[in-house]
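Heads up, the next two complexes both have chain A, just with different partners, chain B and then chain C.
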Partner chain A sequence: MKILYIGKQFSDDPAGRYYTDGDGSGEEFREEVLRPLLKLNKPLTINIDENVEGYGSSFLVEAFGGLIKHGYFESDYINRVLNLDFNDSDFEFYARKIKQYIKEAIYNSEQYESTKETAINEGKFKGSIDKSFLEDFK
Partner chain B sequence: MKKITRDQRIRDVKRVLKQRILGSTTKRKRHTDNNLNGELGFNWLKINDWIKNERTHGLVISDVFNGKKLKRNRIVVHLPERMNFSNEYDSTVQCLTAIRKLTSLYENVKTDLPKKALKLASVNFDKLASISTSAALVLTAEVSKWNISIRKKLKPQVENWNKDIFIQFEQLGFFDLFENKPSRKNTETSASPDVDFVRYVKGQCGNSDEAKAKKKELKAEIIKLVGDNVAKWTILHSGLTEAVTNVTHHAYPDEELCEEKSWYLTGSYNKQSKEMKVAFFDQGIGIPNSLPASQIWEKVLSYFSKLQLPIAEQAKHAKLLEAAVSIDRTSTDKNDRGKGLQDLLEFIRERGEGYLSIFSYHGLYKCWIENGKEYSKAEGMKRPLNGTLIIWNVKLN
Partner chain C sequence: MDVNNEINSSSIPTLDKSFEHSTLEYLKENQEIATDVKAELSSIKQILSESIIQNRETFEEIETISKLNEDLPEHTSQLSNLENISDNIDALSNAVNLLKTTFENQSNSLINVATTIPDGSYGLEITSGISGALVAALAVFIFNLIYFKNVNKVNKEAHYSNIALKLLEFFESSATSYWISERIKDKRKKDTNNKEMKLLEIKIKSDFLVLRTSLEKFCNLISIKNSSDSKQILALIDELYDLSTGGEFESDSKVSNPKITSEISKLVSRLKSILIKYSQQIN
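And now, the complex of A and B:
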């Protein structure tokens, strides 16, 4: 089974909530990586510690909690297909946080409004992350 | 009607021109930070009065003379012997505020400075014998703001500086601020001070790539200093990430015409006590002042109503700060915003020791862990610190 490495394939410092916070935000990860992969209806393992400096809660809550909040998936489905992988014990903390945000999010409680266009217009989002790795998961 | 003389005509023209200049400066609404109720308006007379009053409360100021004559109201602010935000909070913040207020003149009046306005000619470090990491960072930020406001013309005069102070400011990278660098002071004979500083980093709001690079830079510098990885650094990294995100979103609102939208970060290591300190500072409007316009304001009000806190108490910065930090622990509603400040606490929680202090204008919030138990307090400070200062302090084994 393929493993998604956040640190190697997305960003070694995933940070910020929205596209307007710069490349590597929670919104970008959710919209362009997590959602398409979870739509495949296959188990997904994400490595969260290799080559990662750390995560802010803004990133995690938007990326993972946002999947439920915007009505993309129900938390039961995510808990069933998503597996978090790490070797560094410090990252147990983030695994706990991700599970907490998935659990606390209320299904379909907020309509999604993308900040991508604004971020591009303001020069805050450059689209520097290559997401061709997604092809390998299909 | 009497015809006026040529001399009278010249005097009248000069008077009207002067009024126009002064009038235009009072109309310009700028971020001068000395008013917390949104009644901002630049008024150099108020700064003169403030300085005059503070001189009677311990602020050491000297005048710059040109022979026997005062040189265009130019003054020197003398730093006290010790600067820190614990035992010497009042004198430290008094000095920093004096620098900020005097700098605001240059930021608000670009040309034709009012003749009678007090002007900052110099900051004298000669008496300074000890300074904490966080005070050194805030002082660096204030001097940087001043230097930028006068187009980087400052040149440090270090001849009479205490040697430890010189070494620490050199470690901090303070002299990198200046295009006119001082000649190196002879420090070969002095033992290195107990506390080693890490070169400070400065980031601009909204530049996420720069912020990522600067956090890595700090980590590398700290590891160099302590000689090993710091346990749970990744959790501190998250706290720093959220601190940067908060500054970008809230510290400098668009309507605040502030030239410098920056944040500053440094660290230090005390070789004797094995304490590592990391300090983060921004010169923005502060957490208590930014809350009412933020998306978590409703949560704050609900937090207050649960505590049945009287209205007058709710306006106090210490209470607002406490609410902002505590909110995630009390709320399970659908609004998931406002979790960021909780990230600041996680580093000491995960390590099970140390403390976190947040100073923001009149508010101080402190959380510490002792023998596995978590304690916290919120205090109102009489003097406001103009910005937000976050300090993490842990003991390395």
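And now, the complex of A and C:
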């Protein structure tokens, strides 16, 4: 089974909630990485501690809680296919918080409106993260 | 029989002179013999009397010897008991010697420790004193062991508590400064603070990591007897994380938010009030 490394394949500084907060935001990770991979209906393992110092709750809530909040998946499905991997015991806290956000999110409670176009227009989102690694998971 | 009466001259009527003479001679001889016999009888009587006395003494001696013979078995048995006593005394003496040797061997090492022995102390008192000292030393050792174990535990709690209090101060300073400020990224404005805000975001995330680790270790120390404090600390640290890194955290359009700033400060104060209880160290 292939493992998705957030710090190595997405961003070593995953930060912010929306596209308008810059590259490597929670919205970008959810829309362009998590959602496509979870749609494959295959078990997905995500490493959260390699090459990452830490996460803000804004990123985690938007990335993981947003999957349920915007009606993409139900929390039961995510709990079934998503596996969080870490070697550093300090990151157990972040794994626990991710599960908490998935559990607390209300399914399809908010209509999704992308901020990507605005971010591009304002020059805040540059699309600098290469996402070709997604092909390896298909 | 009276011999003198039998040879009375008047009893012989007539006799010639020669016969008379021979008769007188004969009487005289008889008289001498009678005297001798009398003397010998007296002597025999004396001897018999002495013999009787001697016999009596002999008899008494025999009786005494007989009585002694009767008592002999008793004396013999008494002699046997005396031998047993002698044996017991010997065994006792050996045991005392053995004890003495053992005591001397064991006390040699103790003498090095026990530098002072009261004047006029006897062996038993010295042994008693050393035993008492050993028991007292053992009691002191156990007391110290328990005491310092508790002291170490309390000091360890105080150590992590004081570290957490310091980290809380750093975290509060960074978080309140961040949330009270508006990010100004527009280069056309003079007072841009994007770098400062980015620095605060980095500090908040890294400070929180250390703060949470130290608080979790602290909670592990106090969790047994103060589980309510432990649970409260973990709940507060979760809430602090959501509040200080949620919302518009790391957003380019973050505005000043006095409400979040105030809530962060209140959470930090609640954490401090719990930690202060454990911050006193024992020297």
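Points to keep in mind about this one:
Everything that follows uses one rule, which is that the second predicted complex is superposed on the first by the 138 of 138 C-alpha atoms of A that agree within 3 Å, B and C clash if a C-alpha of one lies under 4 Å from a C-alpha of the other, contacts with A are read in each partner's own complex, and residues count from 1 in each chain.
We take it that a contact is a pair of C-beta atoms (placed from the backbone, for glycine too) under 8 Å apart; a residue touches a chain by one contact, two chains touch by 3 or more.
Keep in mind that this is a model prediction, so the values were computed, not measured.
Under the clash rule set out above, the superposition-derived model of chain A with chain B and chain C contains a clash between the two partners.
Contacts of A:Pro36 after superposition: neither chain B nor chain C is touched. Once the two complexes are laid over each other on the shared chain, residue contacts for A:Gly16 go to chain B and to chain C alike. Within the superposed three-chain arrangement, the count of touched residues of chain A is higher for B, of the candidates chain B and chain C.
In the overlay built on the shared chain, the residue A:Val61 is in contact with chain B and with chain C. Judged by the touch definition given at the top, the superposed model places A:Gly71 against neither chain B nor chain C. By the touch criterion stated above, A:Ser109 is placed in contact with chain B alone, chain C being left untouched. After superposition on chain A, the stretch of chain B that runs into chain C among 150-158, 258-266 or 294-302 is 258-266.
Shared contact residues on chain A (touching chain B in one structure, chain C in the other): 15-17, 21-22, 53-59, 61, 90, 93, 124.
Of all residues in chain A, only 13, 15-17, 21-24, 52-59, 61, 65, 69, 88, 90-91, 93, 101, 104-106, 109-110, 124 touch chain B in the complex they form. Within the complex formed with chain A, the chain B residues making contact are 206-209, 211-212, 215-216, 219, 231-238, 241-242, 244-245, 248, 332, 334, 336, 339-340, 342-343, 346, 350. Looking at the complex, you find that chain C touches chain A at residues 201, 205-206, 208-209, 212-213, 238, 241-242, 245-253.
By the touch rule above, chain A contacts chain C in their complex via residues 15-18, 20-22, 53-59, 61, 90, 93, 97, 124.
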